[in-house]
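We just call them A, B and C in the order they show up, numbering each chain from 1.
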Amino acid sequence: MSILGNRVQRREDPKFLTTGGVYGDDLKIEGALWATFVRSTMAHARLTSLDVTEARNRPGVVAIYTGEDVDLPPVPAGLPGVPDVMARPVLAKGVVRFVGEAVAVVLTEERYQGEDAAESVFVDYEPLPAVVDPVSALTGDVLLFPEHGSNVAVPMNEPQAEDFFDGCEVVVRHRLINQRVAPCPLEVRSGAAMWEGDRVIQYASNQAPHGAKAAIAGLYGLEADRVRVIAPDVGGGFGAKIGLYVEDLILPWLAKAAGRPVHWTETRSESMLALGHGRAQVQDVAIGGSRDGKVEAYRLEVVQDAGAYPSLGSFLPALTRLMTSGTYDIPKVEFSAASMVTNTTPTVAYRGAGRPEATAAIERAMDLFAAEIGMDPAEVRKRNVVANDKFPFTTPTGTVYDIGDYGGAIDLALQASDYQALRAEQATRRSSGDTTQIGIGVSSYVEITNGAGPPGEYAKVEILPGGKARVYTGTSPHGQGHETAWTMLASEQLGIPMEDIEFVANDTDLVPEGGGTMGSRSLQSGGLAVHEASIALVDKAAKLAAELLEANADDVVLDKVGGRFHVAGTPAVGRSWAELAEAAGDDGDALVVAHSSSPAGPTFPFGAHVAVVEVDTDTGRVKLTRLVAVDDAGTIVNPLLAEGQRHGGLAQGAAQALMEEVRYDDDGNPVTSNLADYAMISATELPSFELVAMATPTPINALGAKGIGESGTIGSTPAVQSAVVDALAHLGVRHIDMPATPERVWRAVAAAQSTAAE
Amino acid sequence: MIPAAFEYQRPSSLDEAVRLLADSGDDAKLLAGGHSLLPLMKLRLAAPSMLIDIGRLRDLSYISDAGDTVTIGALTRHHEVETSALLKAQVPLLAHATSQVGDPQVRHRGTIGGSIAHGDPASDLPAVCLALRATFTVVGPNGSRQIPADDFFRGFLETALSADEILTEISVPKVPDAGWSFQKFNRRAQDWAIVGVAAVHNGSTGVGLVNMASVPVRAAAVEDAIAAGSSAAEAATHASDGLDPPADLNASQEYRRHLAEVLVRRALQEAGAP
Amino acid sequence: MKITTTVNGEQRDSEVEPRLLLVHYLRDVLGLTGTNVGCDTSSCGACTVLLDGESVKSCTVLAAQADGSSITTIEGLAGPDRMHPVQEAFQEHHGLQCGYCTPGMVMAAVSLIEEVPDLDEAKVREGLEGNLCRCTGYHNIVKAVLAAAKTPARSAS
């Protein structure tokens, strides 16, 4: 019987539950100095002077460095089209461009001393006007990089056809704000660096150690083999820890300068300013079609807030563009975008990265269109989804969807939520004039996974003396459960019990290459590589067994129950893995397969969500009461893990719809810079989720697996937002921007009531 | 984040605490449960040179039946207040409102006295004490005195306590048969109230407001309106009369005024006002 | 100053700075790094430990305040042969992913189960209001705590 598809409990868990993981801050590094950064308190200013005299005399201070001291080059975005002048200095030099930008770093013997000393570094600023939102940045009145001549980090324009909506009976336009949010991994950033001879050893709380290694080697001009990066246990990343940050990148320099290892952990208050933010798009949607519910043309124009220094955030519109038309078969689609620099924290990838933004836009547009023609929003969706016989389906923006049953997913979600009964209940509440109204939001989504960067991934599977095995992977698990899933995949092929399979990841000295964990890629690239490597290893072992059994290799089979090779039909005579390992002896390559997978391309998980909310029309308070999710990620290796990914995603989507927003005042001062002010969602604002299974295996890879890490977020955000609007639709409310805070909802009600009274 | 350095004293009696406080000047702070003060110190918004830890003065931790009133030692922890059978029976508003303070961990450490002496307008218990017409006992070098809740809250994080005085007891009238309500409107359960309303109604009416001014306040205009025979809905329209509510991340002034009206109305109705 | 504590059953005598936070005392002085720090505003609960049997946020308690007290951290929760029922339930119901909030969440749950006899979903959610998790959406944490609450109490030495 196959182990795949079973709810196998995580083998990672006992450690986390009994001693806790070993995260960056937990590392015990002999002789390490502690690094504390001094950060800009101004959004945009000239740095006129930095006085470190008093700080230098504080107890425990070993050294203080400013931007003038550090001879590292600025760190470029590394993305196509981003101008070089927007590269980020490791420590600010001359100008600061956002609150939280590092301007100096203090090295002390102990952590507590660092905070004391950093407080007594005095920085003089000459304030410059700040530009805080990306639409204002378009005017160029305030320039972050005057030598560039504009605030455009990445232009992306497509011709706007003037007759685009000709022939549409109905055209609806709206500006939508996909607000800036903070990823909030529970573990903030932490790391350490030390030199061993001419090699740098770096620990980083990071999702892609091999990318980190390349970044360090590049910045320091080192051969790759002179850099080792280790990601210890990582307390969540959500996209924000894909790349290294300047605070990580400076650590080897500091370790060299001080001649000692350097250890660093930011505080949460620092993290809220200096870890990248997500989303941050202003979207203008226009949707046109016929009164019988057929959408004929859809246009999405995006202004992306890249923050002060372009990073992955400036690249998000490229991903948004891929998914512009969502699950719908729309004849005409246009997309344009510009990524703008502003005096705010740089934006990066955050769970979904560009695709939730695309889905939010098209789903809100569908609701606006449905409201305009007076049709049920679920019905409008069903009339426009890509038909099942059209796959592989090429969208007008050139994306090729692998396989789908978008209408089927909607039907499942409607059934599971008992949609008709919900509508009946809503009608009753409306007619009674109850101050607690209910709203129902429906979303249909498809997203691209494993869509950025090379689709393949490295794995190595080897047999150890005694017949146990070891799996190496280039993915970088930080909560996803790869150790459990990958050893399941190997066990399935090798016939070796999971508990006899060791797992190695997150160390560039132990794993030669890797793409890391991001973009819902891991199973379909890294899991696939383990699966394929295990099959190849069985083939290789069968040949060795054939020699020993003096049989034809083609006749040798692996009995997976006992982990034993024998000639088909004569199970009594065989060789176990242990015996093969012994026979292989010193031939290190005999029972090892290193393999890089090469899936045919990205995959496109899809689904449909139904959210139900109660809205108190007197106060504007929203209570999310149900969230029903159909998520089709193809073949599921371990439902326990897949459901966990969905749960987390659903919560983050609901959080964006209802609670969370990074905010700045007009001068660029952050006002949500800790977890008391930033409303990171808690257990009390969420219901238990209702998950519905659906599995349409993809033909793209041998596992039939698609990504699952981001689906929950992508589907739930617009479903929850729509539900809030839907609760108030009878009052004339058509749209409420996220997050649907009580005040915002109350204002929408008040505005609708005053319009109705006129 | 960590507090700036300070000197630490742990007196073993109230007398010793009073003496220490008197001797150590304005820069000393009393530490009870620490859940108002330590967060401020970690953010370095407060940096006292000395902490006088009175958290161990267990004889200031009690909930006693004193006839017409229940008396509560200032160092009684929130968890003990919320679970007290005596308070649940005699002053259920206080027990319930305390169960809404912070989160369980905060309630295991935080004390009623610490919460009141901090005088935070966004804090729940000052408003409850105002609604209940509580009386506070404070002790200083010259002995003790009693201060009605109404006279206690003076300005933003400023109370009638002198620098050398310690709040020792909270006395609340028993109201076993009164209607009551506590309306806490916040984003997350652990958060401070955006607006909160504590109401008690038994012949006379008491209404306290959370986060509607720079100090904890009583909704006097509402109480007067009810006394003059107004309905709950009519009285509630006076919820923010004369008040200058804060505007912040979570609410504009206008929205706070609106919330106050809605929540006062609901509180009065739940408390049984007509 | 000198403090004496009993941590996970073992008496510890230490010389500490008055401003040392209990969480740093546990982590940096005693080397018990299972307890994590997730914020600086007493919001996230990652640092939750039991102080004289009750859950507290150890980032908002001075080590000095814990002088003479008994402290249980995640490292002291399991029995000699098996994990505590709450730990077991977290594994069985996949109540953790990255593991960072987990020690605090587990300790908060242990205290909650101890204090509230008739837990239901709403009470568990309320009871965990002071503990944030970014990975699980709380769904499986709530399931795990409800399951553990039904497990007959077993002394974990």
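Side notes on the structure shown:
Simple rule for what comes next: a residue touches a chain if its C-beta (ideal position, glycine included) is under 8 Å from a C-beta of that chain, and two chains touch if they have at least 3 such contacts.
Note that the structure is a prediction, hence the values are computed from the model and not measured.
The most distant chain from chain A is B, comparing centres defined as mean Cα coordinates. Here A-C and A-B are compared, and the pair linked by more C-beta contacts is A-C. The centroid of the Cα atoms in chain A and the matching centroid in chain C are 29 Å apart.
Here the spacing of chain A and chain B, counted between their Cα centres, is 43 Å.
Multi-chain contact residues of chain C (touching two or more other chains): 17, 19, 24, 40-43, 126, 129, 131.
Shown for chain A are the residues that touch two or more other chains, namely 111-112, 267, 269, 674, 676, 682, 684.
Residues of chain B in contact with at least two other chains: 1-2, 4-5, 43, 188-190. Chain A meets chain B in the complex at residues 111-112, 115-116, 119, 267, 269, 618-619, 621, 659, 663, 671-672, 674, 676-677, 679, 681-682, 684-685, 741-743, 746-747. Considering their complex, residues 17, 19-20, 24, 27-28, 31, 33-44, 46, 74-75, 77-78, 83, 87, 90-92, 94, 96-103, 106, 121, 124-126, 128-129, 131-143 of chain C touch chain A. Residue ranges on chain B touching chain C, taken from their complex, read 1-8, 10, 31, 34-35, 38-39, 42-43, 51, 53, 55, 79, 102-106, 108-109, 188-190. Contact residues of chain C toward chain B in the complex are 1, 17-19, 21, 24, 40-43, 45, 48, 51, 54-57, 59-62, 64-65, 67, 108, 111-112, 115, 126-127, 129-131.
Chain contact summary for the complex, chain B toward chain A: residues 1-2, 4-5, 43-44, 185, 187-191, 194, 249-252, 255, 258-259, 262-263.
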